[in-house]
Every structure is written in C-alpha cells, then in structure tokens.
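Two complexes follow with chain A in common, the first pairing it with chain B and the second with chain C.
So, the complex of A and B:
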C-alpha cells in the first residue's frame, strides 16, 4: 500500500500561493473600473477642499500664510501628498480588513484555514495587491493633481521620496495585521476601521504639520510609521524639514519600524487567530 | 390609514433597533464626524496668518460649518436610504419584503426618520465642536435658516429615493455611484468653501444644481448675508429654487423608485445581486 506523507509547503510554493492571491485580487478589481477611477478621484477632491477654502479666504496671501505655518509655499503639492499618502494608508487598512470580512461573510474563511497554505501567506498576497493598487492610484492622482493645479510634480529629491514610500509600506502592512485581528475578533468592524482611518489621517498630519498638535499627541503620532512616511515625502519633495534634520536619520527610524512591526503584527494576529480556532469562532460571522 | 401608520411605526422601530444593536458603529460614526471637522478646520487654519492660534473670520467658520451640515445629511441620505436597498438585496430580504402585504415605500421612508434623528444629533454636535474650535459661529435669521434647511433636506431625501431606484438597476456599481455623487457634491455644491473659489466652467455646472442654491442660501442666511453672499443668485430667487426643489424632488424620487421597483419585479431581478 502506498504511503502518503505530508510535506509542509516550501518557500517557492508559498510564494506561488501569495502571487496567485495577488493575481486573483487584481483580476477581480479590473472588473470594476469605476471603483479604480474613484480611487484616483477621491484624493484629488479631498486635497482640493482645503486648497479652495484657503485660496478663497486668504486670497493673495494664501501661499505666504501657508509657508509661515508649514515651511513651504507650495500648498498644492503639500495637500496632494497628504491626500495621496492617506489613500495608500486607508487602502492598506481596508483591503486587508475587507478581505478577511469578505471570506467570513461568504463562508470560505474556515476552508482557507483548513488548507496547508497559511493565512499569513495569503495575507501577503492581498497586501501585495493592495500596495500595487494603493501606490499606483496615489501616483496617478498626484500627477493629475499637479497637472490640474499647474505645479511641477518632480521637484526635490524624487528618489528619496519614493524610498520613504517603499520602506514605509512594510511597517504599514504589518500594522494592518492588527486590523485583521480586530476584524477576526469583532467581525462587523466597518465603523471601527472607518474611524481608525480618520484617527490615522489626523495623527499623520494629512493637511498640516504635526508640530501644531499638543505634545502628547505628537508623541503618539511619532510612534506611527505613516507619520514618518508623509513627512519624509514632503521633506524630500518640498523641503519642509525632516524630523531629525537629515533624510537618512528619518529613514533609519522607518527601518526600525520595518524590523519591529512585522513581529508585533504577526504575534497579535496569530494569537487572535489561534484563540478563534480553539473556540469555534472561525466559521462565525 | 392607521394600518399604514402602524406599519411605518414598526419599520422605524426596526431601524432604531438595528442602530442600537451596533453600539460600536454608533459611537465610531460620532467620533468620525468630529475628526473630519478637526482635520478640515486645522487645514483651513494653515492659510491663516496666525496659524492655529487664530480665530477664523465668522464667514469662514459659517461657510464650512453650515456647509458641513448639508454634506453629512446628503451623505447619510445616499448611504442610509439609497444604498440600504442594496443591503436588503445582499441579505436576501428584499424579495421577501416585496411579497409581504406591508407598504414597500414605508420601508424606504422609515430610513428618513433615522437619518433625521441621527444626522440631526451629529449636526448639532459638529456645530458645537466647530464653534469651540473657531471661537463662535455666526447665527442669524434662525427661522428662515430652518425653513431653507428643511426644504433642502426634503429635496435631499427625494434624491435618496431616486438613488434607491438607481441602486435597483445598477446593483454592485451603486457603491461607486454613491462615492461619485458624494464627491461630486463636495466639488460642485461647494459645502466647504465659497463658490467664488470655483473656476468659471465648474461654477456654471454648479448653477444648474438646485442643491447648490440650498447650500448657498442656507449658509448665507445664517451668516446674516455678509458682503458677497449669497453668491449664486439674489436670496429671493434662491428661496424660490430651494422651495421648488424641496416640494418637487420627493414625489419625483418616489415616482422613479416605484418605476424601478415595478421594472425589477417584471424582469424578476429583485433578488439578483
């Protein structure tokens, strides 16, 4: 009689599974072009609100007043960067959280947990799809915004700005594991995620420098990777000033987040996941 | 008549129960509104010569605060009335609802009550927060302001019914449509900035939308018509436009919804999603 032996999946197999998940998600979203267009329009409209308000109220002094408060006269690029990093961050939260909730609602989450592919492998695939979609939309929206408002999108150190985005993505997606844990635990968590996206945008200084916030709030904001991401991009492109004066020191902080947050996120996610598996919670929605 | 009223009351009761059974959602949506206000206010203050320490001029506070009230009403109406039909469709309860002898329209209208109550509370709370942040808000001509708000809301609910009709037709794409309408409103009806900030081409489109006159007349009236306000037309003209919008839009929305509903029943697409 032939003997069947279970072999855990190899790294190559895990990578294939993650990429298959990414491909699946990208094919799925390509079927909803309206949604993709909205992902580009939303940050543009969002950034336009304070710009139009500022122009209408401050008139000819808008740029000078803005410089006195933020360190740059280029409020168009400042707001566009804020709105687009916000898009990247919220995409990350929603895509990961919504993936888990979708699987819960359609009743396939339990089945996923019975396959040899780990949930973290599939989550990596979802995260890759989300990063491609989020960063892609943000870049397109930024260029379109600069075109509409007639400012140069490629000023300053573009490569350093891109480096801040790319390095910041890993701690950002590690944080989404915490949101994944919340979805597994709370289930109907749309309102919580909605609230969190605004908390995050407030803390990272979407349309203002965090220096205007009270000291305690500033400290909380600095413990959050997107704050370093957004300030890094603004400083590289607009010269508003890095937190530690030099780009490599700020980037070093992001690298520290990169080394720590994946373990924290994974630990919390696994803990919630195991708890639910042991207590019949996985199939419930 | 009393039976219709009792069905309506039962549906309002059901909507309230659903709302109260999700306390996290309840509290989160409340805090979310305040965060949005704080973010917009701080962003606006970045253009002030004194920064966050400045007290915003009354017109700036009035434009943003009163525009925000109409914005959250429109947003809640589109999601709460229009998109809720989609929720019933997804949950598989829409077809059953149509097979019961209860009034179909009562189900839709019951959500108006929830929106009026809950969004009303949110509006009052947000006005209070903004008043604290900006050092007071202008408040004049309260009676006329309330009339204009009610007429604008009535028109907005009509838009909600019309959107519910659209939801029955376009199904999953309704989510994108809600977003488009919401963001279209944010630009074209200028709830967060004066109309003067819009480029002429966009302003021409704004003038064709009745809700723009709702936003303009409501905030101009409460601000006591400072120089340059109302921006789109003389106040008398705006009052007539807003009144017509408030009176005609609800029956038009209901008519469109009934038409879409009959069409969906005939084609057997009510339970399709």
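So, the complex of A and C:
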C-alpha cells in the first residue's frame, strides 16, 4: 500500500488551475473563429441603430440636441461606448451562466467537480477567459467603430476609462455568480440570460443617461455596478459628468462593490452548490 | 489490515420530481442508499455489482464527493467524507459518466493536460504523465485529434486515461467497459489488473457478473440501495452451499416459470432473455432428481427447450439466490 498525503494547493497551483480553465475556453473558442468575428461586428451594428435613428429624427441638429441632454455632442462615441460596455457585461453573463448550464448538459461539470480544484478557482478561470474575450472584442469594435464614423477614439482621459473597466469587472463577475447560482437552481440559462441582458441594458443606460429615468428606477440602476462602469468610461472620455462630480469618488463606489459583491456571490453560489449535492447532484439536468 | 475505504451505514435520500401533467409535478422522496456498509482493503480489486438502478452509481457519487450523503460516514484513504473532500478528490482517480466527462472540441492530449492542471500537477509532470498514459493505452495515433472524431470505444479509453492522470492510489471505475468491443474490453481489464499489481486499489462497478468474476477478489452485490451480499467471490459462490444451478434455454413463458417455482426442491428460479430466446435459471438442492419433473412441467406449459445445462455456480446465481431476479431486470428505484 502506498502512502498518500494530501497537500492543499499553493497559490501558484491554484493560479495554474485557473489559467488551465482559461486556456481550455480559449482553445475551445479558437475552433469557432466565425463567432469571434461576430463578437466584434454585433456591438457595431448595435451602436449604429440608435445613431442612425438619431440622425434621421434630428437631422443636422442631432449633435446639439444630444448635448443638451447628455453633456456631449459626440453621440457616436457615446453610443459606441454604450454598446461595447454592454458587450462586456452581456458576455460576462453568457460566459458564466451558459458555461455552467452547458457543462451540466455535456457531463463535464461533474468531471471537473471530481477534482480537488475549488469552484472559486474554476470560476476565476472562466471569468478571466470571459474578460479577455469581452474586453478584447469591445476594444477592437470601439476602435473600428470610431474609424468607420470618423471620431477620435482616444479623446479624454483614456487611463481613467480603462481603470473604470478593470475595477468594474470584479463586481460584474460577482453578479454573474449570483446569476449562475440561479441557473444551476432552475436548470435553465437561455431564457434567463436573454431576459437579464435587456433589463441590464436598460438599467445601465447603454444609449441614454440614466438621469432621464424615473427616480426609483435610477436608484435601482445605481445599485448595479455596470451603471458606474459605463458612466465612468463616458465621463472620462467624453466629459458627460461623474455621478459624484469627481472620477475618484465614482471609482470609490466601484471599489466598494468590488469589496462586497465577491463574498455575496460566492456565498450564494456555494449554498446552491451544497444544496444540489445534498439532493440530486450537480450533473442532473 | 484496516480498510483503505470504509463506509459505515451510508444513506442517501433525495427528492425527485415526478411529472403529473404539463405544468404539474409531484415531489417524492427516493431512498437511493439504505445504510450501506463496506470495507475495501488496500491493494484489492473490489467489485460493486448490481443491476441498473441498484444504487451503485449513487454510492460512487457519494464516495467521490459529488453527492452529500444524508447520513452515515465514510473514510477514503483515511480522509473523512464531507470534512476532507478535497483530500479525497486528490486521492482518487475516477472514471464516471464515460465519454460524457470529456471536452469533445479538445484533443485527447489537451483533455489530459487540462485535468492534470485541475489535480494541481506541474506543467512538466502533466506532459510526462499524459504521454505515458497515451502510450500505455495505445492512444498515440488519436491523441492529437479532437475527441469529437473518436469512436465510442476510443472516447471510453480516453475517459479511462483521464482517471489515471493524477496517479491516485485509489481508482474508481464505473462500468468502464460499456460501449467497448470485446478485444478492447479485454485489453482494458488487463490494464486494470496491471494497475492493481502496481499497488492501486480499484473499485470496479459493473452489472456484468462475469467481468467481476474475472477481475475482483471481493465483491459487494447491491440491490435496491442495499448490500445484499458481500465477501470474496469464492466464498459467495460457496455460500449457496450444496445448491446446484440448472440453466434451460428455449421458448419459455412466464406461466411456465410460475409452475416451476411451485415445484418441490426449487429454491429459486428466474427467467431472462438471452440472444433472442429465454433462459431459465433454476437454483436447486437436488439436481438429479429434479430434472425429469422440471422438463415435464415446462413441456406441459408449452415450453420448447433447446438446451439444458447443469452449471457451476456464478455470481449471477448468487444474485438470483438473494433476490429471485436476474441482473437483466431493471430495479430502478424510481
């Protein structure tokens, strides 16, 4: 009989496992190159629709009318930012929630739960893959969009805009954990994600400032981290105005989300996970 | 010697929804394991036998931490179930769900590398282990092809390879020869035997009793969530005492079976389908005196007999002796 002594994984080993999960997803998507192209085209089409509608309805006064309500004449960049941040948010929901459902259906979810890698590590790997894809395609689409509509993509404070995206990613993925827990529980992803992405697009104001929403809806929107993300990026690049006047105050709110939401997300996810193990198991779909 | 796997009075009850209409369902409690106790020694091949739906996979899922047991306790490699789950996962190599546990868009080698990383193996060791396993299972030609292009048998082999990636002291194999052709199944059994000789403890679930007889030193027979017999294969067969087994093949009806069951001297009788005809297995204590009466009763019930063979007791006979059913009968708990 051989002796076996278990050594809990080091941080390096956990990182290695998370990166293996990221690599697996990236290899997988590399076998569908058409989808990667679509991920760049979709936000461009998505942003073009309200832009063209604006031009059709307001004509030559489009920019002036837009400035009166938003604080910027650059409605093209405004829409492009909105559509591309929405891409980051919606891919986060799709990649995490649909990942769980897909692996449940194919049988690989049980396979990875047989290993000593914790679900937090696995989800970190999935989130990293999603962030690379989401942010990557959003940036490319933004630059292509600016090129097509002839606007300067690097106006304003680009570093602050990037900071808002990066800090906003962690609370965003924490939210997707909550959502993933719901998907595991109700064993359905497509309808839920479809519904969720339209609610999210409305609350974060992808094509309009949330100031035009009723007060109650505004409060709900402000409890949602992507709203701070999108407004932070627009304010940094286009000067539409931070919610608290200064960029660091708005960023501090995102940091607060960052400190709280991962624990809430993991706590809920683990409870659902244990509940499933107590009952029919993770693999039952 | 203290067991490497100890299971004490393990129970698993879960809620199952039964559809009663388009949008209606009724929740019922299913008792999948009814107090299972086992002890598996280090270095043995232990068979978990039983028909489909007997509770074998539920037990395996509990032991591999996929399911939380409702009550009872278990220790795997000295680590307590539900308290030291990560240590248990690291010390066990599993082949569950067969080909469904693989990423079909990835190559065989990429699958092994990925799972190696999840067992926290360093990159160099993952590459070495993957190549070693690929060579051992003769997967060289297909290792760098996407799994989706594999045949069913090749996928099963890769699923088996995945169970070996962490070089764990315990291997749990759930019906590993399913979908394999005869030579591949034989080859896999030989590899299992070699791994056992190298020191691995193997828990092997199957509903094919002959396979268990070839491989296992000791077995537990599970039926309807309970261990109905447990021990060395030889001892279990001998436990039937002086009982003899007669097999009759041909066209045999259920009414003929019922008539045979009424005959004096019959301990058990079970009917199964085999290669398009019926096979009646009779367990009796008085083979020679019984045979003429048996044939007479069957012919009176319009049975057309093609072959009569008094046989050695098999594990299947042990199962029949304990349950009155053959393994072909589905004993699904739902």
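Before moving on, here are some points about what is shown:
Heads up, the rule we're going with is that the second predicted complex is superposed on the first by the 282 of 285 C-alpha atoms of A that agree within 3 Å, B and C clash if a C-alpha of one lies under 4 Å from a C-alpha of the other, contacts with A are read in each partner's own complex, and residues count from 1 in each chain.
One rule holds in what follows: a residue touches a chain if its C-beta (ideal position, glycine included) is under 8 Å from a C-beta of that chain, and two chains touch if they have at least 3 such contacts.
Everything quoted here is computed from the prediction, not taken from an experiment.
Of the two partner chains placed around the shared chain by superposition, chain C is the only one that A:28 touches, whereas chain B remains out of contact.
Using the contact criterion defined above for the overlaid structures, shared-chain residue A:41 touches chain B, although it does not reach chain C.
Looking at the shared chain after the overlay, A:278 reaches chain C, while chain B stays out of its contact range. In the superposed model, A:108 lies in contact with chain C only, and not with chain B. By the document's definition of touching, of the two partners only chain C reaches A:4; chain B does not.
Contacts of A:212 after superposition: chain B is touched, whereas chain C is not reached. Within the superposed three-chain model, A:192 lies in touch with chain B and out of touch with chain C [touch as defined at top]. On chain A, the surface touched by chain B in one complex and the surface touched by chain C in the other have no residue in common.
Note for the complex: chain A touches chain C at residues 1-2, 4, 6, 8-9, 13-14, 16-17, 19-21, 23-24, 27-28, 31, 106-108, 110-118, 122, 274, 277-283.
The touching residues of chain B, counted against chain A in their complex, run 22, 24-26, 28-29, 31-32, 35-36, 38-40, 42-49, 51-52, 57, 59-60, 63-64, 172-173, 175-177, 179-180, 183, 186-187, 190, 192-194, 196-198.
Chain A meets chain B in the complex at residues 32, 34-35, 38, 41-42, 45, 48-50, 52-58, 61-62, 65-66, 68-70, 75, 79, 186, 188-192, 194-195, 198-199, 201-202, 206-208, 212. Across the complex, chain A is touched by residues 4, 14-16, 42-43, 61, 64-68, 70, 77, 79, 84, 86-87, 89-92, 94, 96-97, 100-106, 110, 113-115, 117-120, 122-123, 146, 162, 166, 168-169, 199, 201 of chain C.
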